[in-house]
Each structure stands twice: as structure tokens, then as C-alpha cells.
Amino acid sequence: MVGIFDFAPAIVLLPFVSFLVALAVGDRLPKGGALAGIAATAGSLLLAAATFLTVAGGRTYDATIYTWAEGIEAVDLTFGILIDPLSAMMLLIVTLIAFLVHVFSLGYMNDEGEVGLPRYYAGLGLFTASMLGFVVADNLLMAFMFFELVGLCSYLLIGFWFREPGPPSAAKKAFLVTRFGDYFFLVGVVAVFATFGTAAFSGSESFPVLAEAALHGEATVNTFGFAPQTWFTIVGLLVLGGVVGKSAQFPLHTWLPDAMEGPTPVSALIHAATMVAAGVYLVARMYGFYALSPDALAIIALIGGFTALFAATMGVVKREIKQVLAYSTISQYGYMMLALGGGGYVAATFHLMTHAFFKALLFLGAGSVIIAMHHNEDMWDMGGLKEKMPVTYYAFLSGSLALAGIFPFSGFWSKDEVLYETLIHGLGGSPVLLAAYAMGLLAVFFTGFYTFRMVFLTFHGEPRTQTASDPHSVRWNVKGPLAVLGVLAATTGLVNMVPVEKLLGIGGIDFLHQWLDMSTESLNAHHYGELIPYSSAYIGGEATTVAIGAGVSLGLALAGAGLAHLLYNVPEPVEHTDRLGGIKTLLYNNYYQDEYQVWLANGVTRPVARVANKFDQGVVDGVVNGVSSVSLFSGSRVRRIQTGVVSNYAVLLTLGLTALLLAFGLLGGWFV
Amino acid sequence: MFDLALQAEPAATWTALAPAILLGLTGLVLLGIDTIRTDEASNALLASVSAGGSLLAFGTAAWFLVAGTGQERTGGAITLYGDALVVDGMSLFFTLIFTIVTAMVVVASYDYLRDHEHRAVFYSLVLFAATGMTLLSMANSLATVFVSLELASLPSYALVAFLKNDKGSVEAGLKYFLIGAVSSAVFAFGISLVYAVTGSLVLGDVAAAVNAPEMAGVLGIGVLMMIGGFAFKTASVPFHFWAPEAYEGAPAPISAFLSSASKAAGFAVAFRVFVEAFPLGALPAGVDWVIAFQVLAVVTMTLGNFAAATQEKVKRMLAYSSIGHAGYALIGLAALTAGGPNGDVLGASMAHLLVYGFMNTGAFLFIALVEHWGVGRTFEDYNGLASTAPIAAVAMTVFMFSLAGLPPFGGFLSKYALFYSAIEAGFWWLAAVGAINSALSLFYYSRVVKAMWIESPSGDFEIQSRPVGLYAAVIFAGLGTLLLLPAFGPVIETAQTVAATLF
Amino acid sequence: MVPPQYYLLLSAALFCIGLFGILTRRNALLFLMSVELMLNAANINLVAFSNVWGNVTGQTFGLFMMALAAAEVAIGIGIILVLYRNFDDVDVTKATTMRW
Amino acid sequence: MIIEALIGVTFLAALVVFVAPDEYAGKLAAALSALPVLGSLWMWAQYDASGNALLGGSIAFETDVVWLTLGGLDLHWFVGVDGISLPLVVLTTILTTLAIVSAWTPISNRESQFYGLMLFMEANLLGVFTALDFFAWFVFWEAVLVPMYFLIGVWGGPNRRYAAIKFFVYTNVASLVMFIGFIALVFGLGDSVSSMRLPEIAQALRAGALGGFAGLDAATLKTVAFVATFLGFAVKVPVAPLHTWLPDAHVEAPTPVSVMLAGVLLKMGTYALLRFNFTMMPDVATALVVPIAGIAVISVIYGAMLALAQQDLKRIVAYSSVSSMGYVILGLVAYTTYGVGGATFQMIAHGLISGLMFMAVGVIYNTTHTRMVGDMSGIADRMPLTAGIFVAGAFGYMGLPLMAGFAGEFFIFKGSFASTVHSAMPLFTAAAMFGIVIVAGYLLFAMQRTLFGPFSFDGEYEITNAPTHDVAPLAVLLLLVIVLGVAPDLFFGMIQDAVNPILSGGGL
């Protein structure tokens, strides 16, 4: 029977078609291929919505659609589509944001008279296709392949303005750093194949299931001489390398701020809503595997918590609006990692969703501001834009409140659940989680601070420059997406009001939990809940814990916002960073993360390469040339015996003969 | 041939000598012409007569070979004059080499001698030398060996010094002659010692009497001295000293003649004498001549190649390269073992000499062509020749790569057949030395190619003429070298069968 | 009768004398004469052992050798003549235009 | 007879082009070289054999006649293809045609000789990949050197003489070492083989029929022969540290010749390694797995590091070829379907991609007359199409999924990681895989500095879009790379089918 699922491939292919169209005939189309992209993403969006509804009807889908390499006496490598609540939700998010970004681009790129638009829209189309392909991937190899394509697209789009020095360099850095992570990912993929003989995510033969069985001794897999537990941890951490790279987690986060060199819609789509989400999504996708390894989870949680705090502190001092958002992105993904590591599968997914909306919103809002400011991004040149561009302001505000985690905006609910899950599991006897929790909690304060510092500096007070006082106006194609996302950012929290449920005892309003429980038995949240090696404990009762947790985080957020209000919500704000003293420089330089990585690349690798080159030229090739020159030299000596004097010939001839005679005489014993 | 097999009375047996007789007669005819025509006889006539004579001899030899004269099928080797001469497959095979080389050389000389006197003398001397070589390949008694050796050598001395007014030619002749005289003296003394031990000169009888215990030392000295004689003829260390100068100084066609035919003749007689007279099985201790040849082979090929690598003059480079090739061919004797695959080894060496006859003659004749044009002798003088004389340059390229042992040319197969059988006989180290040398030889052979094709002409020289004879000979040699790749099958098979009959 | 070894010693001595001449003489003619000595050393062997073995092979071959020696000398003289014409000397070490 | 037709037609085409006038030579050669392309594609379409040609599998388009007898062994004219050689045949024909087209712009003197030699080389390459008798194979193997020597020596760069002679002598020495080792092996087999046909030899060897020879007992002889042949082929591949002829040859050679050199000639080495060492002597190969895999890893990392240090675009690609060939060695020694099959697939993939890269560099060079990274920047501004294809090719080289390079490399990694020949194989694999990071490093750096950034070029030439006939081959190659990356089974199926027989028996 032909169901909606048979059209699932189309969700991926439509944007791909738009890529081809834009690439081939984009320059002959109106709007340089934008319309094709919009049509395609709209189509994908509709299909995704239909798929979503079908999944809501309790059906999931997992089918192999293409055999990439058919193994003879070996495993097949296939492409398949896995649609379950998780991927259905992600499809919806990605298609929606992609669609909005396409529309927004009309205002940001076309109206600004950019050149090379076909290239731009082709990139967007290809990116959307790759991302969707990654989302629906039903095995690790396919996931990796689209993961890489996503990386390519980010390279192309970050480097869109290739005629300037900055963007190409940033693009290179982005690809290189993520490539470094992907190296471990690829090793992980290969290891998964070698271990389980399959890389499928779902089904009774999927590698998480096999791993579980192996741990219970019900199945035997090749663990290369390690204990299964240890080996699975190793494999998990290898794959995690790719996650850390793509989701810009410490220490591979350095590429993301630079990636702001790209056009702002690209930043919104790629570096906020979707591509960076790929890493987290991957962990969620194969959570059944990670849940088996306490060590892996602990490490994930630590990375997440630390990144959340670490990035937040850096966001405090930035001058450019996009930089602030960049570091906030890193920080927010830290929260998701924290949740995953802390056993909060649903919480992570929840925050993934809400963050997608409000971060996209914030970037698009920033884009709108940047248009208004004639592409000047320095917040200290702005101020007082509130009156000039109200739509942008209120949408941006909604996003900011969500980001800061202020009740009742979406960010509050998700972040709160993240922290709550971590807390109870930490209390359940896992000090590591408590440490991570502490860092996450502390980050809430900084988040509130830098968010509102940004808001106040940008929109409040008096215009600090000519452009700020007379900003460029924006059109519907900018305002529309902002409005949509603004509403979403404000409201999406309502899909999972766990605290309300816990406190007021209203059952069944944790829709997201129910949603994610609908998946197949090896992939649903309930199953993961059983797998995770944590037990829960509470301060007082459950409700009390909820209340305390929510209260504390909300309080910290408000405190941060309040401090920002005190410092920056004044007509003539001044820089207070000097009060930070030495820390200021440290923060300005992002803890010298870039420096040491650049040093690793240029200060270590290149000299080594040069030495290798010298060695190659001198020694390896020297031997080769040495052999020939020695031969020629000996040749030039050998010919010297041909003196040209016939008497010498006679002598040499006689000597030669005599030598032979003597040699043979002695050997043959003639003279006895 | 069938009737040949039928009439086995002595009247028919001497006909087996037809090739040698034909060559000798041609030489006499040439002299006759010269005496009849008191004015300088016409060059074309002389050249065509001698070419015709040698080709006739070639045809006869080929016919005999195909017909099976002196081979198992027709009752084995034909021995004449009290076993002094023997006609068998091997002698016929070598006759092919001598005669075809002679033909090429005389055709080429047609142009080379255009403005010289005493052409008839030149041609007849070449023919007489060829006769000597043919007899040499048939000699079955140390006496005939020595006589035909001299018959082959004496004309050569004169030919090398043929350009009376050219210092180089005369000096070459002198050196060639003096070394030759010494060598033949050593050779003769060796023969006399062998006779002293065995009391006979006929190879078969020598073999029968060779294991005389008390005189082993004398026999050993004799054998070594005979090796010296052959080493001279084949231009092998330590009797090679004459070769570079002789080849460089002599008229180029004569260099071709000596380095191809004369060398082959040396091998022909060496093969027969050592295999027939001193069979490996029956030797007394301490007279193991195989070891001597192994030493000579290694030293010769190495010295030849290394000295060739650094020459400035193309002709002299070729001279050394021909010493190197003597080293390869010596493998044919050096890789013999009692009861080993000796037929294969010897046959491979013979096949290599045949191919070498084409490519090396061709190379020297190209030099003759260049000398005819008055282009200089160094590598630099050859720069850009390809642009002015493409056809000849292609031919020369073929010769060079073939000498270096690269496909798709005859030299490739013959050289590898040689190494191959050496390994087959278990002497992989001998093959290894040969392989390294031939890989190195690629360096200096390709210098010629580089000069002709890659470099641009340094000084612009005029090519006055396209000498028909020289061109014909060079192209013929080139085609031979090329065609011997596909046609190598019958060659190597014949060679190995006829060689196998010696054991 | 005389034991054959003595003949060998005699011929060897003669051969060595000839060789010595070759190694020391620079005059082409003397060079040639020394070669003759060496050939005659061979002849002594042949004749002597022809006697020892009681067959005439050696003696016959000895005659051949003399004839050939004569022929060789004929050629040699010719070459030495042109040598003298070109180098104004019969010193074999003078002709060294080609070397190495 | 199709194979004879293929080789014969190519030889004839070479002769025709040799005598053709210079101005038409290029077009004529391209037209004539289309015939072998069609022929090989027809073979591919008609291919119905199965199994490994050397191990008793059925052989497609087989011809077998005795040619001559040497030392009691028959030498045959014995040609045919199986799943391993057929893809290489197709690669050869296609790449030659494209290389010829790409030569129209850069080659401006003695054209007829140039194109004639290209075709002559193609004919011999076809022989190398189809011959199944050792001697016939060796003839072609050596004959390839001759045209290459001229192509580098006559049309090469300033230092061409040195590069040409170095290539010539170095590889020739290697071939001779290999020759001796192999012949000794054949004689070690004694009467168990009656000819030089590779299948016969391979099966005899795997059946353990090897005896002692020339004072060496069977085991020693086998090891010695393996090492000798391995070294001989390793020079051709080339494997570090026997690679130093390659950069010189590449830098001096004109672009189309570099394309052939990297695209096909290097594959001769890996093909021979697979056919001879790894098919015939698996027991020795697995016994020596640590040194071999070690060499592979060294080639990968060392080659990549060297590429990182280069300023000449061609040198970069040249060294990266050393790196990529290291993967192939790793895959071969893994003795798994994906390892060996992937290695074979990688031969094709790398052939296409390296060809693409060299051509792209060549197109830039045709316009700028420099290949130095420092001499130009922002070229993409003036040559967008070329730059775009360059970028695509570079990502292909970095192993971007859905391009051929990724398929080959992933197959190899998957196969070698799971290999059971040695417990350390996962470590070797992981070490080698780090190459994918370094390759990204140097290619991205090179692209950033040459293609992107503000346009600047210190040269008097005007930088404009390249002519169509320069870009067309690039586009075709890119298309092939993507097609093979999306559907590797076009070749991978027959490859696996031919590879699997190698993996069992024969002392494994």
C-alpha cells in the first residue's frame, strides 16, 4: 500500500533537485534560484508535516532503499530510511527552518544585491538535502556520509564571499577542525562494522541491540580482545569525536565563531539550528548504544557541562552581535550534551527542538539588525533600534527570553528539564554528574547576562552612530520568518511541561515524553530509561526537587539579566569589561584556544613537514643520486686503465693471465 | 635436401662446406675483377658481387639449417678431412650470423668507400675474413682452429688499418695487430701444451685423453692460455685492450664487422672447443674452466658497462658496450654445469649473438652514416639529429634500446632468454650481475637517444646526401632487430636444439 | 732419452723470454720478433711431444705455424710501415691518439 | 579476439598519428583513441566471467596460443580479463582519451610524435592489464617505459632530462630485480608447471608445489622471491622510501603525461602486487604483514607530510599519490573482501581523481604559466568554472562521500580494520586513516591560497576562463568520479567476485 512513507525519500530529494536547478540554470532564473529552493523546502516541509502526523498515528518506518555496495561473501552497505518520532520531529524542524531561511535570504541576499546567488542557493539546497538525509539515515555509515556532505556545504557557504580573505580561511578552519573530529568518527564507524557486522540503528539486528545482548552474554561480537564493556566505551568515544567536532564542543569548538564569516542566514540555518545539531542528534539517534557505557555517558556529561559554562563566559565580552550568538550556540549545545550524558534523553531532544527555534530566530533577528546597520555587526555602534524596528525587536526579545531561560518561554522548560534530569541522576550517586550539573547551573547566570547585554546594547538606549539612528528598513521577507519563529520560541516549551505536571499533578501534559515513547521498542525513551546506568534520588520529594531546581535556575537567569540591566540598560552604556582585569584579555582571546590549535597546525605540523621534506630530498633521494654518481665516478676511473699505450696493454694482459694462472694453480694444486 | 640425405658418398659431403667455399670464391672473384679491370673497378659492381656472394652463402647456410644438414634428422654432424672440420647445426647457425653481417657491412661500405682507392682489396679482405670465421665455426681440430683463427684475424688487421693516411686507423691497426699477435702466440702455446698432455689435436681425441692425472697442471695452463686466445677474439677481459681503439679507429663498417661477426666467431670456436675437447664430466680436478669463464664474464660485462657509461665519443661508447655484451655472451660458457640445461644456456647465448649481430652492426653502420655526413663523433655532435634524419634516428633508437634490452625489440628477448637460462642453470647471481649491468647500460644508451631526440641541434650541419647503401643496411638491420621479437621463437628453438647436440 | 718435462721447461723458458721482450721492447720490429720467439716456444712443444706420443700431428702443425707466423709478419711489416709514415717512428708507445 | 583488436587498433592508431601532420595530430589521436574506449566499454557490458583469472575462475575474452619455448617452458600469447583487470582496462582507455584532449592546449611542438607516443603507451598498458602469460606481460610491462621516457624527456619542463633518465633507470632496475626473483620462483616449481602462464604458476604455488632451487630450500626461495618481486613492484607503485623518482617525473612531465603517470602507470605496480605477490604467495604476504602494513602506513603519513611541505601544486598532488597508494597496499595485505576489493577499487578511483587533479592544475598552469602556490591568489574570481571543478576534485581527493575516493578508502579501511591476518591491523588502519586529515589540510591550504581571497597575480598573462576543450575532460572525470561514488557496484561487484578466491586456501 502506498503510504506517506513512500514519499519519505522525496523529502530529501526535493532540496537536492533545487540544488541541481540552482547550479545548472540558477543564473537564468528570477531571484537566482531562490524560488526553486523555497518551493523545494516548502514541499519538503509539507511532506515532513504529513510524515509527522502519520508517525503521530503510531506508525514508524524503516526500509532499505538503495544498496550502495553489495558485499559478495561480505556485508552489504546500504542506504535506508528510518522514520520514528525522533527523526520525524527533526525532519519537521529542519524543513521548517530551512524554508524560513530561504525566505529570509530573499531579503538578506537578493535585496542586498549580492552576486553569485545561484551558488548560494545551490549551497543551501544541497545543505538541506544532506541534513535531511542525515536525519533519516537508518545506519551509521549513511549517517557518516551525509554528515560529511553537511561539512562540505558548510565549507562552501562559510566561504561564500571567497573574494575576501576572511571567509575562505574560516571555511578551511571549519572543515579542518570538524574533519579532525570526523577522523575519530570514521574509525568508529569502521570499528562498529568490524565489531557487529552491521551499523543499523534500529531493529533486532541493530548494533545497539547486539551490544546490549553481548553485555548480557546473549550474543558474541568481536571485541578485539577487550572486555565488551571497555570496547563499547572505546567505540562510543570514537564516534563521539565526530559529535564533538560538529556540535562544536570543547576542545573542537574553535571553528564555530569563525564560521560567522558566512552570510547570516547561513549562520542561522547551519551553525545554529541544524548542522551543529547533527552531532547531538547522532548521540540521541544511537542513544541505546551510549546508554550501555557509563564511562562514555560521564565523559559526555562533563564535556557538555564544561562547554556550556566555558562558552558562556566567553560570550560575555564579545562586541559583535553574531559572536555573542555564536558562543551562546556552543554553550547551548553543551547543555544538550549534558542532558544526554546525564541520562536525560528526552530533555536533550527537547532542548534541541526549542533551541533550534529560538537560536534560528536570534540569528535571523541579528541578520535583520545587520541589514539595518548596513552590515556593521558591532553592538557598540548600535543602540536604540527598538523604536526603529519593532517587529525585529519583539521577535528578538522573545528569542532572548527563551535563550536566557525565563519562564514561560520555551528555553526555560527545556533547560530546566536538562538540569533537573542531571540533578536527580547526580543525586542518585554520581558525583561526576553533580559537577557537570554545577557547571551547567553556573552557566545559566552568564547566559542571562550576555543575552540581555546583547539585547540592551542593540535595541535600548540611544543610537550611538549615524546608521543606528537611521537604519536601513527591512521587508516582509525578513519580518515574516521572524514573526513565525518568535511565536514558536515563545510557545514550544508548552509541549513538555514536566514541572507543571510534577508540581500540580496534572497528568499527560509531557507530550514530548509520550511522543518519544511511541517509537519502536529498541528506540523509545522508555527503553533508554531502563538502559541508563543511573538511579534517581531527590531532595525531599520529587516535587520539591522540581521546585528547587526550577527556582534556582530561574533565579540565576534573572540575576544575570538583572545585572545586564543594571550595567547596560542605560542611555549611554559604557564598557565594563575593564573591571574583569586580567580575565578580560583571557576572555577576549577565548582562553587562547585558537592560538594553541593554530600553533599545532602551523607551529608543529608544518615544521615537521618541512623536516620530512628535507629528509626526503637529502637522504632518501640523496641515496638514489649517490648510487648513480658513484657508478659514474667508478666508470670514469675504470676507463683510465685504457692508457692508449700498447705496451701497457701487453703488461696488463700478461698480469691478468698470470693472475688467472696463479689463482687456478693454487686452487687446482697444479704446482705440487 | 632429401637428395642430399640420399647420396651419402664423399662427393656429397664436401658440399656441406658450401657456405665457406662460396665466401672464399667470392673473395677470389673480387680479386679477379680487380686484376681484369686495370682501371679502378666500379664500386657498385664490387659491392654487389660481394653482397651477392655473402647473401648466397647465407641462403645456403639457411637452407642447410632448414634442410637439417649435419643434424640428427639426417644422421648427425658431417665430419670431413679426418675430423678436421665438422658441419653441424651450430656451425651453420653461426655461419648465418657471419654472412648476414658481412652482407650488411659490404652494402654499407659501398658508400663509405666511394672516394677511397683499392676498394676491391677491401671487399675481398672482408670476404676472406668471413671465410675464416665460417671455417672457425666448423673447426673440429685445434690445428684448424688455429689456422682459421689466423685466416679470420689477418685480414681484419689489414682492414682496421685500411685508411692508410688516417692516424687513428693506423694506430688502431697497430694495436689490434700487436695484441693479436701476442694473443695468438699465447693461444698457440696453449695448444701446444694441450697437445703435450693429450697427444692429439682433434677435439674428440683430446676429450678422450684429457683425464691424464700426472700432467693436470700443464693441461690447466694450456686450457687457460687457450681461453686467452678466445678472450682476444671475443674482446673479453683481460685481452680486450685492443677493442676500444680498434673499433674507434677502424672504418666504421669494419668496426661493425669486427664487433659483431668476429666476436661471434670467437664464441663459435670457444663453444665448440671447450664443450667438445674438455667435457665437464671428464675433467681432472683443477681444470674447471667454467669458473674461469664465470670470472671473465662478470669482470668483462662490468668493466665494459662502467667504462662505456662515461665516454664522450659515441663510437668509443659502442666499443665498450660491445665488450660488455661479450660479457653477457660469456654467460653461455659460464653457466654450464655437468648434466645441467647446457643446451638452453649455450643456445640462448647463440641467439643473443645473432640478435646482437643485427643491432650492433646497425649501430656501427649508423655511426658510419654519421661519419659519412661529416658530423662529429661526440654525443653533443649528435644533438638534434632526429630532426634532420628522422628515419636513421629511429633506426638508431631501435638499436640503442635493443642493446639496452628494452622491448619491443629483439635484444630484449635475447638478453632475457640469456638471463633466464642462466637462472635455469642455477646461476641466478650471474643473471643478477648481468641484469644490474644491463639496467645501468640503459643510462648510456639513452644518452644517444637523448642527444638525437631531446636536445636541440647545437651547430646546424648540412646533410649533403642520403647514401643508399648505408641507409639500406641500417634500415635492414633495424627491421631485423625489430622482427626478431616476434620471430624469436624459431631462432631460440633452433639455437637451443643445435646447441643441445653438442652435449 | 730426454724426459718430456725438460722440453716443457725449455719451451716455457723460450716463451718467457719472448714475453719479456714484448713487455720491454718499444720498437715495433723487436716486438714482432719477440712474438716469433713465443710462437717458436709453442713449436718446440709440438715437435717434442710429437716425438713423445709417436704421431706426426705435432710436427705437421708446427709447419703450419711457421707458415702462419710468416703471414703474420707480412701483415705486421705492412702495418709498421704505415705506422712509420704516419708517426715518423716505429716506437709502439708513440701512437696514443686514442685512449680512455 | 576483442583484446587483440583493442591492442592492435591502438598500435595502428599510434602509427597513423606518428605520420600525420602536426596540426591534425591532436584531433586525430583523440578520435582514434575513442575506438579503444568503445571497445573496453563493450567488453565491460559483455563481461560474463566469474572468479579470479589466476585461480581457476573463468576468463573473459580469452586467447591462448603458444608463442615460443624457452628452457623447456612454453611462452604463450595468453590474454584475457577478469573482474580485477577489466576495470583497469576501462580506466586506461578513458583516461588516455581525456589526457589526449587535455594535451591540445599545452602541447605545441612535435604534436604527431607526442600523440603517437601516448597511443603507443596506451597499447602497452592495455597489454599489461590483459596479458596472463608472464613473458608477454613482461614485454608490455617494460615497453611502457619507452614512450614514457620520451614523453617526459622531450615535452617536459626545464629539468626534464634528469627526471626522464631517473624514471627510466630506476624503474628498469626494479623490473629486473623483480624478473630474477620471479624466474627463480618459476624454476623452483620445477616440473609442476609446463608454461609461463600466470594461472598455472599461481595455482601451482598455492598448491604448495614449490621445491628448492639453486641451493635455497622452498621456504627461503619463496620469501626471497616475494621480497624481490615486492621491491620491484614497490618502485612502480611507488612506496616510500622508493618513491623519489615520482615527484621529479611529475613535476617535469607535461600535464597529460602526469595524468597518465598518476592515473594508470602507478596502478601497474599495485596491479602487479595484487596479481603476483598477494595472489600467488598469500602465506608469505601474511607472514610479512607487519613490515608490509608498516610500509603502507609510512607511505600514507610520510607522503602526506611531504605534500604538506610543497609549494608546487603538481608536487602536492604527486606526493599525495604516494599517500593514496599506501592505502592500496594496506588494503591488499588485509586479505578481506573489502580490503583487497577496496584496494582494487581504489586503483580506479585514484586513477580518475588524480587524473582530475593533475588536469585541473594543468588548466590553471596553461593560463597562469605557474604552479607555485605563492604566485597567485583568487584565481576563482577569473576562472570560476575551473576553480569549481578543482574544488570538487580536491574534495574527492579528501574522500568526500558519494565520490569514488571515499568508496575506495572506506572499503579499504573497513576491510583492513576487520582483517584477521594480524592482531595489530586495527592499529595500522587507524594510523593510516589519519591521512584523511592531513590530505584535507594541505589541499584546503593550497586552495585557500591559490583559488580564493582577493585576486592577485604577478605575471603578464591575462587570466580568463579556460577553453571548453580544456574543461570538458575535467567535467567528464568529475562526472565519472561521482557516478562511481554513488554506484560503486558498477565495478565493485566484479572486483569482489574476482578477489574472493584469493582470500582462502594457498596457505592462508
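We just call them A, B, C and D in the order they show up, numbering each chain from 1.
Assume contacts are C-beta pairs under 8 Å (C-beta built on N, C-alpha and C of every residue); 3 or more make two chains touch, one makes a residue touch a chain.
Keep in mind the model is a prediction, meaning the values are calculated, not measured.
*Asks:* When you check each chain against subunit B and subunit C, which touch both of them?
*Replies:* A
*Asks:* Compute per-chain Cα centres, compare each with the mean of all protein Cα atoms, and return the closest chain.
*Replies:* Nearest to the common C-alpha centre lies chain D.
*Asks:* Let me have the rounded angstrom distance from the C-alpha centre of subunit A over to the C-alpha centre of subunit C, please.
*Replies:* Taking the mean C-alpha position of each chain, the two centres sit 97 Å apart.
*Asks:* Rounded to the nearest whole Å, what is the centre-to-centre distance of subunit C and subunit D, using the mean of the C-alpha atoms as each centre?
*Replies:* 64
*Asks:* CA centre of subunit A versus CA centre of subunit B: separation in Å?
*Replies:* Going by mean C-alpha positions, subunit A sits 78 Å from subunit B.
*Asks:* Quick check: how many Å separate the C-alpha centres of subunit B and subunit D?
*Replies:* 42
*Asks:* Can you pull out the residues of subunit A that are in contact with at least two other chains?
*Replies:* Where subunit A meets two or more other chains at a single residue, that happens at 628, 639, 642, 644, 646, 650.
*Asks:* Would you pick out the residues of subunit B that each touch at least 2 other chains?
*Replies:* 174-175, 178, 182, 186, 218, 244-245, 440, 443 - these are the residues of subunit B that touch more than one other chain.
*Asks:* Which subunit C residues touch at least two other chains?
*Replies:* Counting only residues that touch two or more other chains, subunit C contributes 22, 92, 95-99.
*Asks:* Give the pairs of chains that touch; include all such pairs.
*Replies:* Contact pairs between chains: A-B, A-C, A-D, B-C, B-D.
*Asks:* Touching residues of subunit D toward subunit A in the complex: what are they?
*Replies:* 166, 169-170, 240-241, 243-245, 302, 305-306, 308-310, 336-338, 378, 380-381, 395, 398, 400-402, 406-407, 410-411, 413-414, 417-418, 423, 426, 429-430, 433-434, 436-437, 440-441, 444-445, 447-448, 451-455, 486-489, 492-493, 496-497, 500
*Asks:* Which part of subunit A faces subunit C closely enough to touch in the complex?
*Replies:* Checking each residue of subunit A against subunit C gives 639-640, 642-647, 650-651, 654.
*Asks:* Note which residues of subunit A are touching subunit B in the complex, please.
*Replies:* Within the complex, subunit A touches subunit B at residues 628, 631-632, 634-636, 638-639, 642, 644, 646, 649-650, 652-653, 655-657, 660-661, 664-665, 667-671.
*Asks:* Write out the stretch or stretches of subunit A touching subunit D in their complex.
*Replies:* Per the touch definition, subunit A meets subunit D at residues 67-74, 141, 144-146, 148-149, 152, 159, 162-165, 167-169, 171-172, 175-176, 179-180, 183, 186-187, 190-191, 193-194, 222, 224-225, 601, 605-606, 608-610, 612-613, 616, 620-621, 624, 628.
*Asks:* Going by the contact rule set out above, which residues of subunit C touch subunit B in the complex?
*Replies:* 4, 7-8, 11, 15, 18, 22, 28, 31-32, 35, 38-39, 41-46, 48-50, 52-53, 55, 57-58, 60-61, 64-65, 68, 71-72, 75-76, 78-80, 82-83, 85-87, 92, 95-99
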